[in-house]
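Same chain, two partners: chain A is paired with chain B first, then with chain C.
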Partner chain A sequence: MTISVRFAGMGGQGIIFSGIALARGVSLYEKRGGKDLYAIQTQSYGPEARGGSSKCDVKISESENFYPFVEIPDYLVLMSQPAYERFIDVTNKDTVVVLDEDAVESRPDIEYYDIAATKKAEEIGKRIVANVVMLGAFVEISGIVSKKSIQKALCDVAPKGTESLNKKAFELGTALGKDAINAD
Partner chain B sequence: MTISVRFAGMGGQGIIFSGIALARGVSLYEKRGGKDLYAIQTQSYGPEARGGSSKCDVKISESENFYPFVEIPDYLVLMSQPAYERFIDVTNKDTVVVLDEDAVESRPDIEYYDIAATKKAEEIGKRIVANVVMLGAFVEISGIVSKKSIQKALCDVAPKGTESLNKKAFELGTALGKDAINAD
Partner chain C sequence: MRLEAGTYFMQGNEACVEGAIAAGLRFFAGYPITPSTEIAERLAERLPEEGGIFIQMEDEIASISAVIGSSWVGAKAMTATSGPGFSLMQENIGYAAMTETPLVIVNVMRGGPSTGLPTMPSQGDVMQAKYGSHGDYEIIALAPATVQDMFDLTIKAFNFSEIYRVPAIILSDAEVGHMRGKFTVPKKSEVLERRMRTDKVWHDGFAYDESLVPRFPVFGRGFRVHVTGISHDIAGYPRTDPEVHEELVRRLSEKIIGNRDKISLTDIYNEDSDRFIVTYGSPTLAAMEVIGNDPSIGLLQLKTLWPMPEESIRHVAKNVKEILVVEMNMGQVFKEVQRIACLEGCENVRLLSKVGGEVHTPQEIVHSLRRC
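Presenting the complex of A and B:
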């Protein structure tokens, strides 16, 4: 069993932060059937990065040795229209898309969930944590990892003094994820 | 031409931060013969991460398509004794090792440079930037990328308000790197 997740958006949106929190949460705090999990987080820097885009892939496995690259992701979390355009065709019919509905205009013809992440982050006065709202929504929708594990990892990687803000943003995200599942 | 760099140490030392700054600096701000460069930063989370260790690999290429994994690194930047023990044998005779001399007790029988990174960081009252001192030393010793490109990237990725601290730590590191080359 391997699960792959691709986060993509603009530079400055905290795309890498989300990937690191997920990989860390899964590998340090999550177990499956009493066994540890493994995760690899990969970030490529090429023409897209030069254009201001950001992408971060996470692959999760029960086995220590696994092909670490994400070709077609199982989950695609999108936070900008250019990221949508770049990556929406690198999917298959089983890929589940989670969109920041305020930041992405287009909608795909595969399963997707609209999350008002930027709007919700603005409501709490911190647009910068829209990525964490999206991460919470993704965790709720995918169900691949416990919320508790990711919250612990968030606490580890959040800059000092921002732990409670990140916790709040994550919880708002899981609530939005739950709403999105129910609306589906 | 590909160049591979492995950063390893303890969790909390900012190992990933160094890798991200290098990959970003190379790919966004550096050119070779007028052409862009590409970089991939990879982090694996497994038993080591659970033991508190941290590792980040960066591979740099002139070509967009390259095997992204670091097997034997060209450069190995070490910030803890457990990281030394784990990775010192995953080298060949051409691997260049850059050590935080206060954090690593052992010395290898291949080319290496001692850098008083933790000590220097403590002198400016911020042990937390020892990783950036090490990054500066590595950039000076390797000569694979301009200091200017990495400083720009550091400014991009440093938390708000810490830009000048990071710039200073980086400059202290390049000076230590220069001394280490001259002492060699």
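Presenting the complex of A and C:
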């Protein structure tokens, strides 16, 4: 049993950061039935991750050895219109899409949730943490991993001095996620 | 400090660095190249913390030269590169084999030939690792498939290199090097040291015993030894006699081939199967998923590529109807498996080749198995 998650957006939005925080949280802090879980994070390399489109995949598994590459994601988290266009058809009817509502114009015909991530991040004065708001919303909507595990991983990977900002952004995200579920 | 025992979450290339430090790495010289750069990046920070030396050289030829030099003053030494840099290193790999210099080379393979596909994986350098330099010689090559392997096999590479006084090559690939995942550092890893010369005799620097591996006379400790790539006698001095050359070249091979069983690292899953996948490196992860869903299929994972683990391949070939070799090249290990399986009467060996810079999917392996 594996769960696949794909984050996609523009280089510089922190797409890869979100994936690393998720995979790290699952790998180090999450247990299922008292047993360890495993996660592998992979990403796009080269110039496209440095300003163009950026993609980061996470695969979560209960067993240690598994195919770590994502083909069709169970969850697709999108933070730009080009990323939407590139990845929206690499889905199936069960894929759940989470969108940054101001950054993505189109809407899919499969299950999706609108999250005002960039707007919320701007409200706290830091547009740069929109990716963490999205991560919080994804964790709430998917329910596949505990908030505590991901928050702990976020503290590990956030640059020194930004831990509380990231924590705040994550909490705003989980609240937006909750609202999105209730509005559904 | 080397990492304490515990569980860590890192990139494959970073786990390789930690394995090297756990094995006692003291010197790194390299020239950054995708997809191996994170190894140099992390070592630039970690090695000085350990009291070791990190140098960024002007190119890969200088890098391996510096590594050879540092090994001769007794340091455990390493470099890291990818295909284009590995090609530049070939001449000195032969020199290291001829002078019996312990060192580790990490080749995080990317698509070739030439500059090829810098950011994407391949397994195109398997034959080059063994045959890239001129003349008859043996090296050791290991192929990690996971982040854990990047840590464990790096330690093994140092151990083999030190014990047999031979270049040990880690043939990783862009996927294994770049993926992030969990790995465990055990309380104690077995770390082996070079057998040193402690006397000050100076006329037999390459004298050997039944192990065929000469004790190592460290430069600068009073033992005078001549080191040359020219055929040499046990004093290290150039000799052109055919007998001396033959004795040397046969011994350089025999000290590795004679220990093939000790060096061969393999894992066998679903041993009683009559259909087997043989693979190594990142395609192993696709094969794992296939055999997880269908236990009637066996898997032989080669963690050692050179010397080729002939015993394990023969063992698998004995009772099987077919073998499918899965690799990201046009069939390099395939030809070896075909040759070895044939010795056991198994002629049905097929290749599932992929050269597009992507790892095989489990589905592609399943389709290929169905075709027969």
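Heads up, the rule we're going with is that the second predicted complex is superposed on the first by the 178 of 184 C-alpha atoms of A that agree within 3 Å, B and C clash if a C-alpha of one lies under 4 Å from a C-alpha of the other, contacts with A are read in each partner's own complex, and residues count from 1 in each chain.
As a working rule, a contact is a pair of C-beta atoms (placed from the backbone, for glycine too) under 8 Å apart; a residue touches a chain by one contact, two chains touch by 3 or more.
These numbers were taken from a predicted model, which means no experiment stands behind them.
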Identify the partner contact of A:T42: answer first if only chain B is touched, second if only chain C is, both if each is, neither if none is.
both
Regarding the shared-chain residue A:P68, is it in contact with chain B (first), chain C (second), both, or neither?
both
First (chain B), second (chain C), both or neither: which does A:A23 touch?
both
Once the shared chain is lined up, is A:P159 touching chain B (first), chain C (second), both, or neither of them?
first
Could you tell me which stretches of chain A are touched by chain B in one complex and by chain C in the other?
20, 23-24, 27-28, 36, 38-43, 45-46, 68-69
Chain C residues within the chain A interface of the complex:
7, 9, 34-35, 118-120, 146-147, 174-175, 178-182, 285-286, 288-289, 292, 359, 361-362
Per the touch rule, the chain B residues reaching chain A in their complex are 11, 16, 20, 23-24, 26-28, 36, 38-47, 49-50, 64, 68-69, 156, 159
Partner chain C, residues of chain A touching it in the complex
20, 23-24, 27-28, 36, 38-43, 45-46, 63, 65-69, 71
